[in-house]
Structures are given as C-alpha cells and as structure tokens.
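The following pair of complexes shares a single chain, subunit A, combined with subunit B in the former and subunit C in the latter.
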Partner chain A sequence: MNETVLRVENLGISYRMRNRWLPAVRDFQVRVRRGQIHGIVGESGSGKSTVVQGIIRYLAENGRTDPGSVIEFLGRDLANASRQELQKLWGAQVSIVPQHPMSALNPSIRVGEQVAEIVRLHAGLGRAAAREAVIRAFQRVNLADPETLLERYPHELSGGMQQRIVIAMALITSPQLLILDEPTTNLDVTTEAVILDLVRKLIREEQAAAIYVTHNLGVIAQLCDRVTVMYAGEIMEEGTVNDLFARPLHPYTFGLLNSIPRPGQTKRDRALITIPGRPPSLTELPQGCVYAPRCPLAIEICRQPPPLELPAERHLIRCHRWQEILRGEVSISAEAQAGVDDIAIADLQREHLLTVSGLTKHFPVRRSLFDLLRGTSPLPIRAVDNVNLSVQKGRTLGLVGESGSGKTTLSRMIIGLTERTGGEITFMGLDIRNHVRERSKDVLARLQMIFQNPQNSLNPYLTVGQSIRRPLMKLLGMSRQDADREVSRLLRAVNLQPDYAVRYPDELSGGEKQRVAIARAFASDPALIICDEPVSSLDVSVQAAVLNLLARLQEEQDTAYLFISHDLSVVSYLADYVAVMYLGEIFEVGYGRDLFEPPMHPYTEALVSALPVPDPRRRTRPIPLSDDIPSPRNLPTGCRFHTRCPHKIGRICEDEVPPWRDEGNGHFIRCHIPLDELQAKQQAYAQPAAETAWGLMGKEQG
Partner chain B sequence: MGRFLLRRLAFFVFTLIFTSLLVFVLTRVLPGDVARIILGREAGEDQVAALRVELGLDQPLVIQYLDWVGDFARGDWGKTFVSPRQDIREIVLQRAEKSGWLALVTLVMAVPISITLGVIAGLREGKFLDSLISLLSLSVVSLPEFVTGLFLINIVARNSDFFPASSSGIGPGTTFMEALPKLWLPAITATLVLIAYIARLTRAGVIEELKRDYVRTAVLKGLPYRVVVIKHVLRNALIPTITVIANSTGWLISGLVVIEFVYGYRGLGSLLIAAIENRNLPQIQAIVMVTVSVILVANFLADMLYSILNPRITLS
Partner chain C sequence: MAQAEQITETEASSRKSKPLNHSIAATTEFLRLLFGQLQSGLGAVIVLLFLLLAVLGPIIAPYAANDQSALPLLAPGAGHPFGTDALGRDVFSRVMLGTQSIFVTAGTGTLIAVVLGAAVGLFIGYQGGLLDEVISRAIDAFLALPALLIALVVLGVVKNLDFVAGSWQALLADSSVLLVIALVYVPIVARVIRSSTLEVKTREFVQAAQIRGESRVYIIFREILPSVVPALVVEASLRFSYAIFLVASLGFLGAGARPPSPDWGLMVNENRRIYQVAPWALAYPAAAIALLVVGVNLTSDGIKRIVQKRG
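Presenting the complex of A and B:
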C-alpha cells in the first residue's frame, strides 16, 4: 500500500546552449508512493515542467539528466534507461496527461483510434478488443455516448471532453506513475472542478502514484497530499499540503500563498503581498540563495547557497532562516500593506460615468448556398443580449463569466472595436458612436482599455516611451517635451524606472509589459478604463503587484474600471460591484462579497463552489453542472441557465424568462426561485466567506 | 458531400467562364491586325478586309465572344486561322494527351522521390543529410531546363539504348506504351525542376509539425518513432505539399516549352507558342481553356485529399 513507486535523488537537468551546459534543475528530490498525489508548484521558469520531463526522460534534444542523478521507478533505474526500455514504459507504466488537450491530440485522427493504438501496442489487443477497451475507458471518465465519440475528431469536442479523452488515454493501461502537467489550465472553473474530482477518484481507484504540476495553489490544496515548491530550478520547500499551507517556512512559499486573493477577500481588506523583481534567467543565477534577490528577509548569510534541510520528518526546506521563521522571530507580514482606505462602497450619489442599456450583439452567420436556394437565413450567434449596466465614477464594475459568456464582446462594443447590433452606450452624458474611428478625440482620451496579453497589445517596434507618448501627443495635443516629462511621471506611477522609456517591449518581463500597458492607458487621463483579463496571463506574484497597482491608481486618480475576468476571486477582490454573465445575459449583480454568500444565483453558486480554495483543510464540494455550455447559436428558451441548473423548479424555467429579484441592498438576482428559498437551499452547504488573514505569518499582521 | 460537389461544380463553371472572358480580352488586345499578320505585308487592303470578315473579326467584341463561347461549349472549337485550316479541337486534344502522358510520368517520378527526400531532410533538420539534400535540390533547380536536358541527352542517351535522345516520332496514333521509352528523359528533366520545390516544402511541413504537442503525446504513448512519423506527422505535414503538386499540373500540361523544344516533344506548350506567334486566336483560347480545366481538376483532387488527410478541412 505504501510502496514507493518513484524515488528521485540529486536530480540535475541541463540544457546545452552555445557549448555550455546550463543547469535548469539542480538537486531535486522526490518520493511518491502508491495512491499519492504529489504536487509541484511554481511560477513560469521555475523548472517544474522540466523536472517531470527529466523524470520520464523526455527532454529536448539539447537536454540531459546530469551524471549522478538517481531516478528509480519501482526499483528500476530510469536515469540510465535506453530509448527501447523507455518506449516500453511510456504509455504502459508511465503516462502523462498534458496541458492544452486540443493541441496534444492529433487533429487528423479520430479520438477513438488515438486511444486504441495505445492498448493495441502495449496490451497486444486486436482491433475489436481495443475498441471495447476504449469504450470502457471513456465510460470511466464519464464521457457520454462513447460509441459515437470514437469516431469524432478532436476539434468537434469541447475543451472538457478533450481533457477527459486525454485522461482516458493516460489511464487506459493502468499505469503505475501518472504525470499531470497543468491539465486544467485554460479550462473554465466549473469544468476544472469536475476534472479534478475525476482525477482524484481515478487515482484512488488505480492506486497509481501521481505527480501534479501546476501554478495554481488552490488546485494543489484541493487535490494533493504533498507538495514541492520550486523556484529557479531548485526546491524551496516540500511537505504535506496541510503543513505547507498552514505553516509555510520559506519566504517564497509565504509570498505565493499571500499573493493570491482569497475567495471573498476585497481590496478594502488589505493589499496583496507582492514579490518584487523577477525570476533569474538560467544564465545569470545568483551566487547564493537563488531567491535572495527578491526575498524581503534576505541578510548577509543569504549570499551563501543554503542547504536543503529537514526541519521535521518528511519536510524539506532550503532557507538559511527557517528556524527564525518557525520561532516567529522574523516575519514578512510587516511588508503587507493596508487595503484601500475608502469606506463608502455603496454610494448611490456617485455620478454614473458609463451607462449601457439594451446592448446587443448578434453575429450573423454566413448564408450557405443551400440557405440561398431555400431563401432561409441561419440564426445569428447571440453573443450579447439586451445587457444593461452602469459604472460609477472612480468605481470598479467587475464582469465575470466563463468562456463564451459574451463578456469580451461586451467590452469590445463599449470600446468601439465591435459594432453593436442594438442598444445605447452613454459615456459622460454623451451618446457615443458605434465605431472607435468615428469617436471624437475627447471620448478616445477618456475611455481607454488594457488588454489581456501585453505581448500582443504593445507594438514591438516602438520603445516604451514612444508607446506611452502617442496618446499624450495625439489625444491631449502635448508637445514633445511635455510628453517626455509626462512619460517619466507615468512610468514612476506604475513602479518602473523612467529609463525604461528607451527599452523595447521584448526586453521586458510579462509583468513589466503589463505595467507599460497600464501607463499607456492612464496617459490620456481617462475617466474609465476597460480591463479585459489584465492579469490572467501573469504569474501570481506579478498578478498581485498589478492588482495592487490598479487599486492604488484608482484611488489616486478617481478612474473607473470595467474589470473583466473569468477568475471570481480576482474580480471580487478588485471590484466594488460585480455582474455575473452567462450566455450573453447578466444573471446577478452585487457587491464583491455578496457573490460568495447566499442567496446567490444558481450559476454564481456553481462558479463559487467550483473555485479551488487554497486551503487544504477546507475541501470544496463543487456543484456539478450538467453538460457543457450550450451553443450561442441555439440558446435555451426561458431561463438560459435551465439546461444546467441544479435547482431547476420545472416548466417555468424552460418557458419563461426569469424576473429580476431585489434583495433591497443593491444585490439583484435573476431567477424564478424567490430569494429566501434560494438562500435556504444554499445555506445547507454554503461556504462561509473566507477569512482574510492567512497562514501563521499572515495572522501576525492582525 | 453532395452539397460540396454541387458547390465545387458551380465554382468550376464560374472559373471557366471568367477565364474565357479574360483570355478572350487578352488575345484581342495583342498588338497588330490579325488578318494583316496572316496575309503578310504585301497583301492588299481588300484581301485583308475580306479575311477579317471571314474570320468574324469585323463583328463587335461582345458578339465575337458570345459566338466563340457558345461554339466552344458545344464542342466546336473552330478552325486554325492559318492554312491549312485544321480543326482546333482535334489538334489541341491530341497535343494535350501527349502532354498529359509526360505530366503523368513526371509526377509518378517526382512525387515519391521528392516527398521522401523532404521527409528525410525534415527529420534530420540541421544534420548532414538535411544539408546535403538541400544543397543538391537547390543546385539542381538553379540549372535551366535546357542545360539539364542537353546534359541528359549527351551523357545518358549517348551511352544507353534504353533512353532515346529524341522524342520525335510520337504521332497521333502512338500508344502510351510505345511512347514510354521516349518519355523518360523529358520527364526526368521536369522532375529535376519539381524536386526542389516539393522537397523543400515537405521538409518545412515536417519540421513545423514535429514541434507540435501531439507529437509529444504520440512519442509518450511508447509508439516507435517510425509509427509516430508515418501515422501522426505526415498526414498533417503533407498538406502544403499537395497544394504545390496540384498547382504544378498547369505548368506540366502547357508550360514545358523548353523541355519540349530540347527533346523535340510535340506537346501543348510548343503548340501554344506557335499559336501565339501566328496570332492563332481560337487556338490560344482553346489551349488556355484546356489548361485551366486541368488545373481545376487537379485542385479538386487536392481538396478531396486534404479532407481525407485532415478532417478539419471540411467538405461543406
């Protein structure tokens, strides 16, 4: 039962670059037992994916496991295994569930065949027997109608279904070791929750050993038994999830845990803890502790490399000061700043800056030749339907919803990149034009946008200074000298050195690029900034800094935000008021914390319940949503959520559009169920709103 | 599927009509009076005018076009302008058949060889074999066809009875099997031109696909590398290759002028050049229409192949 399946000691992985071996992973160790899920968590560049690739000996051509590395799988030496031996293990006893199932599946081969070829190869099954095995595997991962599914191609399936197929693929040979490499990244939370549940159940049944690689601490807390925290290719800390989340001993672990907003935590509670700087590149690793340059507790001794120590049984730490941290003699909490100091959330007197009424976007579907001959036209895609909302001056309206909810289309209509089919947009009392090209300079200056991916939204051929100068000169008509002075001020405002003005985007890290994008958006003194997933492409430590920055700038400049995200915790942290969108309609609006407390709309409830809470002591019980999100070409009648609603009360949900129900305190829910009934249904298993303090060191801040 | 065929047919007809219009206009704006060119400088004005009437050149352009298209569609492709006035359809189709043979033999040689070379180069990217294949295929493509043609005639044909140096003697009554020995050398010459294009595109496709995540999935299933390449990679990597092969059919049918000249092969390319020299307008038009039809059919076949290899390219 407790047999060790995988034992890794002293693992080093290097890549050959310009005739030098660069050590990407150093001194890694792990031991995984049967039935155990071991998490490896880290930010991009931490080496977490490299580690698992090294363990299964699948490295790029210029990579190697260093001499002296020990990889023992069920008593077999993997570190020196030949390609032939590995081929017999791969897919049979060692399987991998990859990230991005869409690209991990061959687009041109039916999914049934892609799974069947594994059992034909390793179990020597004939075609018919392999087919049966695949059908059973599909049933195990709860795929409906497996027979028809066999004949489908990957692009015909939803993301959640593709992920299940990849899991079925990995499990069909009952492997002893399962590697899961960010398998739920890019999936919606509701889908993620179902997949995680499935993974947990299957690994328990199979009694396989599993390694789960992710950047998401919530997933680790909910799924894993033990966790390794990695940074710059080294283990920072390892232990049981309970120990690590309750008493982090390493400053980096502490930083990671406190950089993410807890569900229900808001900017008024406290600022997020940020980790300054950025991870080192492989070519310029610090001499001593790799984390020292970013560590708030670094002292003289940290210039020496710290050893990997065992503070307790089955706990590992690489920090010179862990004993002081354990005894509470030093603390990072002093660094934590207070939250935004503005008590009046619900100030109905505030001026309404942006009012959107009846906003609608139907994307026409091209008529086919047959439609032409028959004289019919296909139904349009109803991306946004009759949406009303307003944003107050200096306040944040959060917009949350899964992919396909229409939130991006909505934002693009407001900014003028997508032409609306109907409805009105009033901005600062003016009825603004449909398309951004028709709008006056004044409107352009006062209404700005920050995009999801700064990599794509910054012109790579312009320096940072040129990018920020453009709105200053074009929209505000500043002279070159004034604009340059203003560029320096803006860069300082987003915590960048003014000399960044001469750099090109390629020389900046992801977080720095997003700050430049923020500086550019603020350049023309906007009244409203539309932020479309501004932090979702960033690592959590950087995300915290950007969220803090947005909160601070809002306080200073009284700028309003329309903040769009799929991450409920992030939205409710930053937003004063939150709207929940589903299939082009808004179903609930309320103040940040309302969304985490009953009564909630059943859809919000499902979203909240699916959030992987970064607390191993509090296991979430996701409310499973049936099926996938319906196609916006073929919307459900009545309440659009009725096809998936766990609280559906009957025909009325299918036939009638639900009414808005008002709790009387600015909290609105659109549902056929009266609010008190909803509350009663949800109270039974609702989660309390999260406490804001976190972990031992977090509590000290008081 | 039926829907797809219907759409393709409509596209086919539309393209043909558009091409006919284009080629008609282009042949009419060629400089010089056609009747004058045919009769020569000494002919009198009356004779020229009479010939113009006879050829229908005095009619308005629209009438000329409609007459031609109508006759063409009914199978009457007209007679050549120069005497002896022969039936164009007979000549063009007979030459097209001969060009088709040459194209067929060329493709049968060029496609397997160049795809194999391209795949090997792609799998060995940056290695010796890749450099060698790239070097050879590039140096071959940079040689003009008449150089390779003359080289083959002088070296290969001189020293072997199997490859005749000249393709002359292939007449209307010759069968494919009889002509086959005389097709080898011109086909090899055309193949040498095509190999570099097809191989380099295949190489690029293979390199591109090898980077994809699904290759990693396939390798980590424990599949032998051979299976990974043949079953998983090639069907995705060969899509651009098929396009280039389909597009090269037009060149193979009516563009092998130099090769036809070097070997004395009587194909469509030399007929087209002769027709242009003689201002033989209906013959130019007929050749272009035949060529366009071949290209369209080749592209149709390529589309069918795409959808078999890659189901994301749907037939609707």
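Presenting the complex of A and C:
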C-alpha cells in the first residue's frame, strides 16, 4: 500500500535568460506514496509551480532540469526520458489540474466530447463505451445530471463545475500521479470546500499519489499528509502536516503560519507577525541562506549556505539554527506585538459617519431582438437591492460575500463611481450626490478608496511622489512645497523611506505599491476609506504587514473603514462590525467575533464552515452548498438563499421575504428560522483562544 | 513599531531615480532593443539614411531638379550616376531631391493624422455613450472605403477648383496631398487609440483620479495618454509607411504632385513608357520607394515588438 510512486532527489531547474542559466529551483527532493497528498506551499516566486512542471518535465522552451537530477516515477527514470516517452505518460499516468480550468478546456468543444476524446485516445475505447466512461467520471466528481452536461460548452458552466470537469478529465485515465496546481485559488470558499472534499475522497479511493501546490496554508492543513515549504527555489522545511503546523522548526514556516489571521482572531488580540522585506530575484540570490536577509534569527553563520538536514525521521530542514529552535533556546515569539487599543465592545457605539438606506442598483439589460418582437423588456440585473448599513466614526465595517454578492457594486455606489438607482446616502451631514463628478471637494476629500490591485492602482508613468502629491494640492489646496513635505510624512507613516517619492511604480514590490496607494488615500485626511479587497492580491507575509498598517493608521487617524473582502478571516480580523452579503442583500450583521458563534444565518454558517482552518488537528466539516449561485437576473423568490440553504424549513422560505431578527447586542439575522432553533441546528465554530491552539514558537517546547 | 521600521530599512534599496533619468534610461533601452535585432536595426538604419538624404539632398544633388543641361537618356556613368531621363534631367539629383518632398508630405500628413486621431480616440474612448457610438460607427463606415479611392476623389475635386493665387484656399490646395493623408488616416488612428483608451480607463488609477474630482481633460491627458503612447508610436510608424506608399501611388496616378516636381511616384509614371530604352530612369525612383517602405516597415515591426514585450 505504501509503495513510493514518485521519488525526486537533487532536482535542479534552470531557465535560460540572456544566455545565462538561472537556477530557479535548487536541490529539491520529495517522495510521494500511494494514497498520499503531498502539499507544496510557498509565496509567489518561490518556485512551487516550477517544481511540479519540472518533475513531469513539462517546462517552458527555455527551461531544463539540471544534469544530476533524479526523477523516478514508478521505477522509471523521468529525468532522462525522451519526448515520446513523456508524451505517452502525460494525461495517462500523470495528470494535471491547473489553476484556471478554462486553460484545460477547449471553449468550442462540448465538454462530453473533450473528456471522451481522452478515453478514446489513451484507453482505445469505442464511442459508446467512452460515453459511458465519461458519465461515470462525471458522477464520481458529484456532477448532477451528467447526461445533459455532456452536451454543454465550458462557458455555460460555473467555475466550480468547470474545475470538477477538469478533475474528472484528469482522473479518467486512472493516473498514478495527480498534480494539482492551485486548483481552488479562483473559487469561492464554499466551492473550494466542495472541491477539496472531492480531491481528498478521490485520492483515497484511487490510491493515486497527489501533489497539491498552493499558497494557502489552510488548504494544506485540511487536505495534505505531508508538506514542503519552499522559498526562493529551495526547500526550507518538509514534514508531516501535524509536525509542521504544531512545531515549525524553520523561522520562515513560523512566519508564514503566524502571518495569517486565524478565524476568530481580531486586531484587538494582537498584531499579525510580518516577514520584512521581499523575496530575492533569481538574478541576485543572497550568498548563504536565501532566507537570511529577511530572517529575524539570522546570525553570522547564516552567511554560509545551510545544508538540508534530517532532524527526525521524515522531516527535512534547511536552517543553521534548527537545533536551538527545537530546544527553545531562541524564539521569534518576542516579536509578536500587542493588538490595537482594547476597547470593550460596549464602547464601540460612536456617532454614525455614513448611513446608507435602501440603496439599490439595478443594471438595465439591453433589449434583444426577441424582446423587441414580443414587445417585452428583459428584467434588470438586481446587483444591490435595498441595502441599509452604517459605519461609525473611526471604526471598521466589514463586508463579506462570495463573488457576485454585490459588495463591489455597493462600494462603488457609495464612492460615486456607479450611479445608484435608488436609496439614500448620508455622510457627515454632507450632500452625497449620485455621481462622483457632482460631489463637492469636501465630500471627495473626506471619502476615499483603496483598490484591490496594486499593479493597477498607481499610474505607471507618475512617480510615487506625484501620485501622492496630487490629492494634497487638488483637494486640500496645498502649495507644491507643503505638499512635498506632506508626501514625506505620509510615506513614513506607511513605513516607506521618503526617498521613495522619486521612484516609479515598476521599481516597487506589490506590498510597497499597496502602501503607496494607502498613503495616497490617507493624503486628503479622509473620515472614511473604502477598502475593496486591499490585500487579496498580496502574498500572506505582505498581507499581514498591510493589515497591521491599516489597523495602526486607523488608531492614529481615527479614520473609519468600509472593508470589503471575500476572506472571512481577514474581515473578522480587521472589522469591528461585519455585514454578510448574498445576492445583493444583507443577511446578517454583527460584531466580528459573534459571527463565529451560533446562532448565525445558514449562509454565514456555510461560509464559516467552509473556511480551511490552518490547523490540521481541527478538521473542518464544510456544509456543502450547491455551487450554482442563482443569476441576479432571475432571483429566487422569498428568501434569496432558499435554493442553497441546508436548513430550509419549507414553503415559507420560497414565498416570503424573511424578517430581521434581533439577537441582541447589535447582532441581526435575516431568516425565517427562530433564533433558538438556529442555535440548536448549528455547530459551534468559535475558535480556541489564539495562543493555546498554536502556541507561539518556543513556548510550547518549554 | 520596531518590526515596521525593519521593513523600511530592508526595502529601501539604493536605486534612486528622477523623471529625467528615467526617460533617458527608457530611451536608451528602447534603442538598444531596436538595434539589437537584425531586422529592426537594418530598417532603422535605412530610415535614418533616407532622413539624412532628405536633409542633405539639396547639397548632395549635383544638378537642380529641372536642369536639362545633359543629353537625354544617358546611361548611368560618370557625372550622372543614375543616368538621365527623356528630358535630359539627372535622375540621381531628382531622386535625392524627391526624398525631402516625400518625407515632408508623408511625415506631416502622418503627424496631423496621429495628433487628431489620438485626440478623437482618447475623447470618445473615455467619454463613451452615444457620442462614442455615433462617431465609432461613422469611422467604421469610413474605413469600409479604400484609402486610395477617397484620396483620388478628394484630390479630383480640389484640382478642378480655381483659386486666386496666394489666397488661403490656394495654399490649402497646394498642400492637398498632405491634408488628404491626414484625412484618410485620422479615423484609423482614432479607432486604435479608442480601443487602447477603453482598456486603460478601467484601470484603478483612473478611478482614483475620478474620485479626487479630476477634470475630464486632466484625466485624459495626464492619466490616460501616457499609457496609450506606446500604442500611438506603433500606429504612427505603421501609418507613416502607408503614407509613403500612398504619396507615391498618388504621384504615379497623376493625382498628387504635378510635373515637373521630382516626386518619386510621378517619376515612375513619367519614365515607364521609356523603360526599355532607359530602365534606370524608372528603376532608381522605384527602388527608392521600395527601400524606404521596407525600411519603415521593419522599424515599425521592431517598435511593435518592443512595446508589446513590455506589456
């Protein structure tokens, strides 16, 4: 049963750039057995995807596996295999599930045909037999109604269904090795949970070996048996998931684990641990330990390259100081900082800065020729429907929801980039016009925004200084000299040197760009900043620094945030108050921590249960939702969640709009089920206090 | 904030830059890439040589354009490296002198087309709505007609008008080829720049400008324009090569430059009847057209490659 499927030793992968071979991956090793899922985790640029491409020898034109690499797949040497041998292997004995399902599906061929083609090619089945095989494969990945599905085109399916088809496609030839490269990164948590469940089940059943590449430690903890932590093309640490999460020996592993907010943890508990600096580029790798420039424990010896050692059986580590760390002689825990001011929840009641009532956006749909002939008009897309919410001075309102919930449209109406079709917005007693063009300078200065994508939020042709200076001169009427002085102050406030003012965005890392964008938003001294997914495109270590920064600035400047994210852990970490949105409506509001304690709305429950908790000892039991989110053009009647609700009680859910129920303490739930019944139906998701479950490094060993 | 300060120190790298250094570095890098590849380097060298001829033509040319001092139909040789034509004019001098006129006509025409086209494209692209719809459809309709046909019709009309010499209408009529080139290429440039603008205007830095209440003009010229300049440069170089060809074609068809001006296209036309007796009179201006068009095209491809590589 424990047969080794894949053995990799001394793997090096290089890319040719300007007539030089750059070593993208160095001295990599891994051993994967049957029925095992091996995780590879790392930030962007760590070489995690390159490794898996190298293992199956599926590299870009300018890539190669270095001489001396050993890749043994079921006793066969892949490192020196010919192109023909490899081609026979790919898709048959080795399958890949990529990040974007559409990159594996041909948009112009019906999905049934595409999957059948693989069986016909690799198993030599006839047309009818292939069709049967495809139907069985679809059933295995829990796709409902496989017969009709065969006739569909990829674009007619949701992202979760597409990814399941790709998984069915990958498994249909019964491969011995399955490679999953961030297959759930673009999916909503509820869909991700379903896919992870499926992968876990199928790997056990098939007794195949799998490598799962991801940046998400929660997914690793919930899915994998063993994990390799990669950084700058090298293994930092490898071990069983239980060992690694409970007792990380490498400072990088420790940093990664503690830089993500755990479910239920808030900014009031403690600041997140950040990893300073940025990963090195391939052309200027540090001498010695690649992590040393960012490592809080780096000492003189770290200038020498550390060997890959085996502290215990089946545990690998590349660090000079692991023995000291193991014995608890050095620790990073001293670096952990206190959270922001510990104001009791009751003190949170402050004046309302922004109040939104009945806010609505219906996007008209163009009349088709068919509509014209029949004299009908199509129904509008109801992106946001009758939303009420308020943000208090100096506090954070978090807004969570899956993609398509309308949270971005809501924020764009408040900032004035999208014109509302109905509803009122009041902000500091000022007149809030529909469109940003009609708003007064005062409103513009006091209401600002931080965008999701730092690559796009700064003009590449303006220096950092020019970008930050503009709102100061435009909105506050500052002179050039005053503005320049203020730019330096703002840059320092976001932990950047004032000399960054003369740089261009392409000289900055993603995290630095986002900090510049934050400085620009704070420039006009706003009372409220709308943060639309400000950390979702950042690596976890950088994300922690940005979250800490936002929390600190809020404390210093008494600025309120409307913080939008799909990531419940991030929202509940930063937000004082959280609203849960689904299909254009708000279904639950409450204080951050309350959302992890029942009673809660069945939708919130599903979201919370689907969160992959970064702790292998706490297996999550996701409540499966069908991944068909109804179209906002054709909304369900009654309660909009009834089509997916696991606790649906009957006709009432389909016919009547649910009432708001007051749980007390500012916690409101919109559901037909009475609160006490909700409580009885739900499991508790409250997290153990942050310190005990994880322990800060050095503490547990004592 | 001990940890926070640490970030600052490690991230502050030694590289500093000022806007001027930045653009010098960008230009150097651009030239390195352009001349780094054989095709585009060759193209650029050809264009630069012709540009040099355009400037130095009047100095190099041993004879005036219409100097008929030599015998007609002389074969290339000493004194007349490209021979003479049926009227005894020195072909070498005429080709040299023609360089300037083609550069001025095609170049200025392209420049006007690019400036106007970019302005229209940026404006309708950013504005959107009904105005964009109307202008875009008009452009589409215009583009359905062949450029040469439009040029011939317009020039035909202008030619038959009779203006008082020295009046502004007459001045306009004299530069009619140049204006026709601008007219024909404005919609094409506008369409390309419009589509680039549509892409750039969705980027978040444009939204950031909107929420600080910037005016339309500021957003279009300060925020969007720099990002469409690469596309504009590619388009300008491509339009220039088409313009050269168009000027030559009009000259050949007799709709452009009038005899006896030393226009390459016109020369090809004038000398095609005698090509069996004096092939050189036809071959040299034709070769000049071909070489310049190929040179500009190679350069244009090179620019496109560099711009696209940078994303």
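Convention: the second predicted complex is superposed on the first by the 674 of 702 C-alpha atoms of A that agree within 3 Å, B and C clash if a C-alpha of one lies under 4 Å from a C-alpha of the other, contacts with A are read in each partner's own complex, and residues count from 1 in each chain.
One rule holds in what follows: a contact is a pair of C-beta atoms (placed from the backbone, for glycine too) under 8 Å apart; a residue touches a chain by one contact, two chains touch by 3 or more.
Model, not experiment: these values are computed from the prediction.
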* **Partner, of subunit C and subunit B, that touches more residues belonging to subunit A** => C
* When the two structures are overlaid on chain A, which partner does A:278 contact: first (subunit B), second (subunit C), both, or neither? -> second
* Asked: Which partner does A:109 contact after superposing on A: first (subunit B), second (subunit C), both, neither?
  -> first
* May I ask you to decide whether A:520 touches subunit B, subunit C, both, or neither, giving the answer as first, second, both or neither? => second
* Asked: Where does A:295 make contact in the superposed view: on subunit B (first), on subunit C (second), on both, or on neither?
  -> neither
* To do: State whether A:196 touches subunit B only (first), subunit C only (second), both chains, or neither.
  => neither
* Asked: Is A:495 touching the first partner subunit B, the second partner subunit C, both, or neither of them?
  -> second
* **subunit A residues contacted in one complex by subunit B, in the other by subunit C** => none
* subunit C to subunit A touching residues, read off their complex -> 1, 3-8, 10-12, 15-19, 22, 203-205, 207-214, 223, 226-227
* Give every residue of subunit B touching subunit A within the complex, in rising order. => 3, 6-7, 10, 212-214, 216-224, 231-232, 235-236, 309-312, 316
* Structure fact -> In the complex, the residues of subunit A that touch subunit C are 274, 276-278, 293-294, 335, 337, 415-417, 436-437, 439, 441, 444, 447-449, 451-453, 456-461, 463, 467, 470-471, 474-475, 495-497, 499-500, 502-504, 507, 509, 512, 517, 520, 524, 545, 548-549, 552
* Structure fact -> As the complex stands, subunit A meets subunit B at residues 56, 58, 87-92, 95-96, 98, 100, 103-109, 117-118, 121-122, 153, 155, 166, 169, 368-370
